[in-house]
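Before I ask anything, here is the structure I am working with.
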Amino acid sequence: MAKHLLEVKGLKKYFKVGRNQILHAVDDVSFNIEQGKTLGLVGESGCGKTTVGRTIIRLYDADGGQVLFNGRDVHQLNRKEYKEFTRSMQMIFQDPYASLDPRKTVGAIVGEGLKIHKLCETRQEYTERIYELLETVGLSREHASRFPHEFSGGQRQRVGIARALAVNPKFIVCDEAISALDVSIQAQVINLLVELQEKLKLTYLFIAHDLNMVRHISDDTAVMYLGKVVEKAETSELFETPKHPYTIGLLAAAPEADPDFEQSRAKTLMSGEVASPINPEPICRFAGRCPYARPKCKQNEPELMDVGNNHYVACYKVQEGW
Amino acid sequence: MSNMSVKLPADAFRPVKQTSETSELITRPSLTFWADARRRLMKNKVAMLGLIIIFIITLMAIVVPVFSQYSYEQQNLSNTNAPPSTEHIFGTDSHGRDLWVRVWYGARVSLAVGVFGSIIPSLIGIIIGGISGYFGGKVDMIIMRFIDIVMCVPNMIYIILITLFIGTGPVALIIAFAITGWMGTARSVRGMVLQLKEQEFVLASRTLGASSLSLIFEHLVPNTLGIVVVSMTLGVPAAIFQEAFLSFIGLGIKPPIPSWGQLANTGISVFRIYPSQLLIPAALISMTMLSFNLFGDGLRDALDPKLRM
Amino acid sequence: MSRKILEIKDLHFSFDTYAGEVQAVRGISLYLNKGETLAIVGESGCGKSVTVQTVMKLVPTPPGRLKSGKIIYCGEDITHYSQKEMQKLRGSEMSMIFQDPMTSLNPTMRIGRQITEGILKHENISPDKAKQRAIEMLAKVGIANPEKGFKRYPHQFSGGMRQRVMIAIALVCNPNVLFADEPTTALDVTTQAQILELINELKQELETSVVIITHDLGVVARTAERVAVMYAGKIVETGLSRDIFYKPKHPYTSGLLESMPSAGQVEKTLTSIKGTPPDLFAPPKGCSFAPRCKYCMNICTQTDPDEVQLENGHKVSCWLMNPQAEKRELPGRKSRLSTQKPLKEGI
């Protein structure tokens, strides 16, 4: 059996938003990622996918569950162990404008990890390593002395990737790493990520709302809705035979760059909008928008279950075959 | 006419090899945050005028007492309350001391109290505000409630109490200002840090394993500096004014050491007969305050990130 | 031609900044037919929003500056209309909706008043009638219980609902032209689909012409009949949606289409366009796409190509179209209908 680099078990993260109001951002989420593979995590805004990423890397403390990296629980590490752990797991952020310190040169930003972990012995080695990292992501050494605001969005995102790579991580959380970029730049960044994965044997958690890109880059895909994983399968399986009504609706809603296909496509849309994740009732969270909902869906909460082919779905309709 | 129909040499249609240098080139001139701010400040004529006046006053304060033949405490009882003349440019006071020297020596005291009385409390405020905002939770609660309580009582009362306790003089005043003046800065730095610490670049540093101290002082505080520098600049005239006020009511600088407020205090007793003895220090106080305010205003505009183009 | 409701001729628009002139729009010509949907696609900073805002006169001048060009609306030259004259046009003749519905609604005013305000400004009717119209409009844009919605404040609505309210405000006076500037970029996929469908329905019902500005080629494919592709302040290619998607003639359009993964794609590497868009502060000499173009020729770095007319109003500005240049077959999208069984659809 393949070894799982990352195992997330029953992860929970709640935020207090007011008196007796608890936002269930992540509610009992479990998944595994094998070494060298990419898991895509899709969902609409507010479904908790970003919180999952941040809790895995312990920017947030979990309210329940475990995050096992190489078999060790990330949330049990002491300060020194955590610092060591940050060398194995890194993150690429969504907003290329907010994710680089505006007062620092690009060289200093990329070199921050090298300094923190004392990875270079001499000044010379440090600068050489920064140049090497910049060149790895397709920038040049001249860029090291410039400031972030002089760069375009795609270039900044590559600086962010170089910063993450500086400490030679094994695992990278890509939190909507391409959603803020222009179309032509998205492809550049995706190609870079794919190339780095092959070269450095990286493992990715790829969080995004763009279904096409997730389909392209991920080996497995998990769909989240209101803090829960509602469907999880191998990517081609999930996109070709989606089973959960939400996944089906999501795929139907995503427009494709294909006018003839768009014209012919049935215009039946998922109605309503995402409900509030504050104090949710223990029922199927999609029930309010689901056209197939039966009384059972509004009384109990379906569990994520294997319906064959390693295809996990949390839906009574699929599980019981209505 | 369309240039598509023009006959061109065949060479024109030879493919060009692309390099990454041409497609990744940054054509804009490189400008750091501070260089950009400086450029904008230089364009602001009013602010630059303020800066020039501050510069001249500072220069005079340094130079005049050194090169003058009189000293600030040298008395000449045979020539008291003299009107301005070539010998005594601003005249003399009731003890026959040369006012020209006393005014510029006083400028040293006033400026020193003003500048340090603004910078030192700001630095304290940055540190406390940075810590409070970064750690949040209980630490933040305690610091903020402490500030709330302390700020309930007017500043002047503390200052008067402190000067009564540790005596008068420039150093005592600066200490008094330092103890009472950090709270405003601490509050605003805390507010900015609270906002900044959720920014992705701070999160990125955290995931790189950066320690709290380096997060606060390498990422958070430098990004609040723009606003703090402005408030420091605008704090200088406030401190000068406080010093002048305290000296004027006899609680600040004591004679024979002059300061502008103290000179004004002396001047007022002879105002009806020798108005220049009050008017000169008063005018200098106003001019300095105005210059600092104009300059600080220009600085705020120059550092405002929303105005950056 | 009388079918053209709006026409822009050789528009140049610049911003004057400290460092010099930023040429945001560098000679744009386009037209809009009655009742059609035109999409303007391009990357951020290519000038697509500025073009539309210039037509609406929403760009503050200075720093903006209209250098040359003509804007013709219904046969009338509105290029040099004053703000006062434009106010009469805005809302009643042409309207605009923006990306972020929260910032474009007044948070302290009830939705109802924000809608009736427009009606009362442009039409001479009683407040009661205006209210009636507003409630009808709210129902039309799919706000459940419009009487209640009329009395609510913007923050009481979700993002998708707010965008619906914006559309109601924009369309309540039945304008001829609706400009939609990235109307769904801030929304979720499922909400986006609903809003696009709503715009489409209302367009047909009210016979409005729509200009949709977007960077998302999927949105273009779903909504537009005609497409104009912008790059660095110019339109590099324009034509019918199907021509642009399946038979692109400009390397930039082709590159954009190729850089999106298609459903059945096996290779892991996407074909991408190298480099970054030029800084309009100092646009490159010659064709602005030349530094990133894989077909770049000597001439491209020297002279900007003029537009070439192809069939069906398809126009391209590229030196590859010159009879002297080597013929290149530029890849476009392949329709899923021709290659694949249709996906199980609908819910």
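Chains here go by letter, A, B and C, matching the order in which they are written, and residues are numbered from 1 within each.
Here is the rule we go by: a contact is a pair of C-beta atoms (placed from the backbone, for glycine too) under 8 Å apart; a residue touches a chain by one contact, two chains touch by 3 or more.
This structure is a prediction, so every number in the text was calculated from the model and none was measured.
Shared contact partners of chain B and chain C are A. Ranked by the number of C-beta pairs in contact, the top chain pair here is A-C. Each chain gets one centre point, the mean of its Cα atoms, and the points for chain A and chain B are 46 Å apart. One finds 30 Å separating the Cα centroids of chain A and chain C. Looking at chain A, one finds that residues 155 touch two or more other chains. Taken residue by residue, chain C touches two or more other chains at 274, 276, whereas all remaining positions touch fewer. In chain B, the residues that touch at least two other chains are 20, 24, 26, 28.
Chain A meets chain C in the complex at residues 44-45, 152-155, 182-188, 190-191, 194-195, 209, 211-213, 215-217, 239, 241-242, 245, 248-262, 264-271, 273-274, 291. Taken in their complex, chain B has these residues touching chain C: 2-4, 7-8, 10-16, 18, 20, 22-29, 39-40, 43, 309. Remark: chain C residues 17-19, 63, 274-276, 278-279, 281-282, 290-303, 305-308, 319, 321-322, 324-326 touch chain B in the complex.
The touching residues of chain A, when paired with chain B in their complex, are 54, 57, 59, 82-84, 86-87, 89-91, 93-95, 98-103, 109, 112-113, 116-117, 138-140, 143, 145-147, 150-151, 155, 160, 163, 167.
Touching chain A in their complex are the following residues of chain B: 20-21, 24, 26, 28, 30-33, 199-201, 203-211, 214, 219, 222-223.
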